[in-house]
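Following this line, the structures themselves.
Same chain, two partners: chain A is paired with chain B first, then with chain C.
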Partner chain A sequence: MKEQRGMALRLFGLLNGPQTMGRGYFFWIGFLIIITVAYVAPTHLGIKPYKVNEFLVSGFLAASLSLLWGYCGILSLGQAAFFGIGGYTFGILGINMWDDNGNTHIALLSGVALPTLFAAFIGSIMFFARLKGVYIAILMLVLSLLFETFMLQTADPEVYSIGKALLGGSNGLRPASDIPNLSFGWGEAVAEFNGRRIGFYYFVLTLLIVVYLSLRILLNSSFGYLLVAVREDPDRTETFGYDVRLIQLGVFCIAAALAGLAGSLDTARINRVDPELVFGVSANIMVVIWVSVGGRKDLTAAILGAISLEWLFLWLTTTGSPEYATIVMGAILVFVMLIAPEGIFIFVGQWLGKLFSSKVGRQSEDQDTNV
Partner chain B sequence: MDIFTELFGFVFQYIDAVAFLILAAAGLSIIFGMMGVINMAHGELMMIGAYVTAFSMYAGIPAPIAIILAGAGAGVAGMILERLIIRHFYKQLLSSLVVTWGISMVVSQLFLITFGPTMESLPTPFSDIKILIGGDIGFSIVGAEGFVGIQDSSGRLPKGVESFGIYRVVMFVISILLIIGLWGLLRFTEFGTRARATMDNPTMANALGISTPRIYAFTFGLGSALAGISGGLFALSASITPFFGAAFTDKAFITVVVGGGTSVISGLVASAMALGAVQTIFTNVFSVYIGFVGMIGAAFLILLLMPTGISGYLAIRKSRSK
Partner chain C sequence: MSIVENSAVPIVETINVFKDFGGVRAIDDLSLSFQTGELHCLIGPNGAGKSTLFKLLMGTERPTSGTIHLNGEDITKSQPFERARKGLGIKFQNMQVYQELSVFQNFFVPLRRHYKPIEMPEIVDGLLRRIHLAGLEGEVVKNLSHGQQQWLSIGMSIALEPTVLLLDEPAAGMGPDETASTAEIIRSLNAGGMTIIVIEHDMNFIRNLNSCTSVLHLGSLFTQGSYQEIENNEDVRNIYLGKG
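== the complex of A and B ==
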């Protein structure tokens, strides 16, 4: 009994550790308020689930790149490759297995597992060859574009079909009407989440919170410290007896799993996978924009960046035109990189932290600067 | 088709592929080799070159001058970008990737809004001169009239005769001239000496009175001008759109990464020759797509064996043998 309590306390301590911004009462009270607002938003504040569901899915993708780039210092310009692989896997397995299973357990699990395996393969080549960071960033982008080119030329249904699923070239995976919604259960008892409805919203919101809190624990565990150590000085980390390549490979796989999860959820959300939208240049650059503008070195900032920028982008496209919205996104990226290189939300967070910690004393502020 | 014709076709494709890679990557590799920055807006600088060429030629300026203007236009654009934005990111390589990517997004969209999705395409120079080879003809270079004379009544060439456009050969020659010019510029001029000194040891170069910021700006401008010239050359044989650069950037990145940053010119040439060979062989045996995949596979393999690229590997070999 006592041991269990000790364990729980330790986990709570890890939630609140120095690798993630936002500690102390003010942050957690704010956190609870935001979550409560998020839960009641569709019913009481008139937020439309079919719009915001997309933002929540982006949150996973942003967390994935933040982990990889912000914490471990490995920039991947092609993080959407894993998103796309996850999306295609979910779609193909969903189309083929829906009739037999009536649920999407296997499709969702594979949508996470396959990108992870692929990351393990590519990552072991890249990290064990000790490629320079710039090369890794470029190679990942080229890889993603390679997938796009491949998928674009798969229009021939005779050649490019997997079971009942046709890859469908530039039209995306077909038959789109057979790509299932997210559904869990056994036999007759199945809960199905339509991606445009409120059920999906609650499900993904809860999942995002669970993933967020788990990542906080992970980042404040010794593994999280190792990630930051590798980012700050790989040679010194090596001198302490750690295998830097294994750490990099590990975080690369975790990030791929998160991106794959996001891809699977997104396919289930719109019942559609389109090669240009998942593997293209703009898909990849958007992830980088969310994370750099929000703040790559903090999980919370990256997720907030994704949600708020997606919101802004949607607002700009509906009020103006997509071309102007794209220009604004690019301009925001360049501007923020010049003015607040650490990202907007980290900047704001540090300012808030100083504001509140001045009453408590200077102790926590010193930790803040380490973040 | 006899073996000679086949061989000629193969060589023709190979020099075409090598010229493509050298032209697409030249500007990028100068900037990467000298400053370690991979300029993600490289494709957009090529696009600017293509647009300058197009507008100059609409105004009646002959193609060679239009292409030189393209180089000047892109060079100026590059220097402005360097002064305004890129110079703040020299110490953070990954951030410089991201910020130049943002610039590329803004520039291509601005062109899309200003000039619309496509431009009137330009006439390809020498398009009426063809190299004919094989069959009874053997080998000959003919103009438009000669070409019509050889065709039969339904407009087909006689059996076994293949025709090749000459502009590709011109591009290959220009790419070689550019490489030689670049080498001369870095080897023999005052600017070249200063630039190489800055590349070797910026602090020491600065202490000796070389204005390193100015060298960086000029180098970035030089790389951008090369991108603009390539863009102008490609504009004569491809359709000009705001996303013109995207067709070149991925191959250009691969070429530069494989070449490595230790020795700009030899790395670029070696890398283009190696990747061009892989691409030609795979494209011939399988398909264009597999040719591209093969190129990336080869790039992975080369980087596994030589993590700092071909030029880095050569430099290590050299220093060991001393």
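== the complex of A and C ==
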């Protein structure tokens, strides 16, 4: 019993550290409250899963860019490229393998693995050539746009088909009705998650929490320290004997895996992949906006930024006109850059941190004087 | 016999090194050598190529031509991290400490490759004594004075016990007391056997170190000698005044 408690405390210790905001009990109590609210939201608060499922998927993509840009200082304007590769991979394999397997295990695994492999390839070239800063940002955007351009001209079913899947040009992957839902299990015992239903919501929410906690452990490990060290000063880090190129390549691959996971989930969610939506300029820029507005240097802030901005965007597009919504998003970005350049949620987090620490400080002072 | 031969091999040597940035020649046919255990100062007016030389030695810049040796081994094509692993340590001109982290946490990155977290407190304790920061491991770095931050930066550079330490302006922006302390830190590190090469502008500081001094001018070696010889050299004074 004592041992179990010790282990739990150690695990809790691994989740906390200087690289992630929120260390104290206040934060974790707040975290549990938010999680609980999130779990009961569809049944008790009337939140519609088909609306919010999209926001949850955005959370993975935001975590991906926060890791890469916020923690390691590598801005990629083409993070959606990996999202798109993941999405297409899931769709193509899903269409072809559904009849034989009846599940999407391989499609989902490949939707994560293929973007990671591609990142390993392109990352090796970029980082071993010691490419830096704006060059990586632009190269990644161009790469994503190349994918978009290529996919847009794949309408000819005679040429552009992979097994039963037709790439379909601007219409996206076809036959869309054959893109499977997320399904796990063997033979008859299959759990299927329809992207518009509550099951998908619970599954993705749980997965997001697991990924979030795992990334917290990663970021507060010595690897996390190295990421921040590389962000702050790559040359200095290298003079301590670290091969900075390998660290950059490592985080680039992890970020690609996360983006690929997001892409796979998104394809499963709407049974659709559209080249403009996954590889286009706005797909790429939106990720940068979520993460900048939320706060790129903190995982929690970046994920919250994505979810809340997506929510706001949906609310604006359904109540106003879409053009109006885009302008508001741009205005928010400019406003946040001016007022809280580190990001809204980091700003709020630091403010709350000060509030609680000063309260705790005052309490302990009181205790001191009582003694 | 062989010991005599080995000790004659310079620990760091540049042989006919050139470095061009576009049309500007920053290092012009520079051949310099440093002996094991030496404390050596590099001085020279702005643009003399001092910091560029350090970048070439550390590998963050590559020479246009020429070779660089460490302990007799050609390291011209080695990456900076490989040179660090071979025993080269550096403190660049800017401070390079993590302002938001504690003094102890600042040592985490340099020490992590060699030590387990449980061993670190003892190692850090020993390092802090050597850089006059004993007892400050819990302090957040931004609360330290400018001089203390410089020492911390030196401390991070010696965390891996380099055989050769390059220090670019270790006393920049310090008052007289801190400058004297910095000289003391450097002398005691050198007394412990570390080869140290220092770039500095502050003549009081160099007088304090009282070591072999090389003067660089327009990317080449202008002259070399003891501090007193350099101080009394009319030509050196002239190049600082722009008459060279």
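Here, the second predicted complex is superposed on the first by the 350 of 371 C-alpha atoms of A that agree within 3 Å, B and C clash if a C-alpha of one lies under 4 Å from a C-alpha of the other, contacts with A are read in each partner's own complex, and residues count from 1 in each chain.
By our rule, a residue touches a chain if its C-beta (ideal position, glycine included) is under 8 Å from a C-beta of that chain, and two chains touch if they have at least 3 such contacts.
Values in this document were obtained by computation on a predicted structure and should not be read as measured data.
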Just to be sure I read the superposition right, which of the two partners does A:319 touch: chain B = first, chain C = second, or both, or neither?
neither
If we overlay the two complexes on their shared chain A, which of chain B and chain C does A:226 touch? Say first, second, both or neither.
second
Taking the superposition as given, does A:338 touch the first partner, chain B, the second, chain C, both, or neither?
first
Have a look at where A:150 lands relative to chain B and chain C in the superposition and call it first, second, both or neither.
first
Applying the document's definition of touch, where does A:129 land relative to chain B and chain C: first, second, both, or neither?
first
Is A:241 contacted by the first partner chain B, the second partner chain C, both or neither?
second
Please tell me which partner, chain B or chain C, touches more residues of chain A.
B
Complex interface listing, chain C residues touching chain A
58, 60, 79-81, 84-85, 88-90, 92, 96, 98, 100-101, 105, 108-110, 112-113, 117, 156-157, 159-160
Where on chain B is chain A touching in the complex?
36, 38, 85, 88-89, 92-95, 97-99, 101-106, 109-110, 112-113, 246, 250, 253-254, 257, 289, 292-293, 296, 299-300, 303-304, 307-308
Show which residues of chain A lie in contact with chain C when the two form their complex.
18, 222, 225-226, 228-229, 232-233, 235-244
Touching residues of chain A toward chain B in the complex: what are they?
69, 73, 75, 77, 125, 129-135, 137-139, 141-143, 145-146, 149-150, 153, 281-282, 285, 288-289, 292, 323-324, 326-327, 329-331, 333-334, 337-338, 341
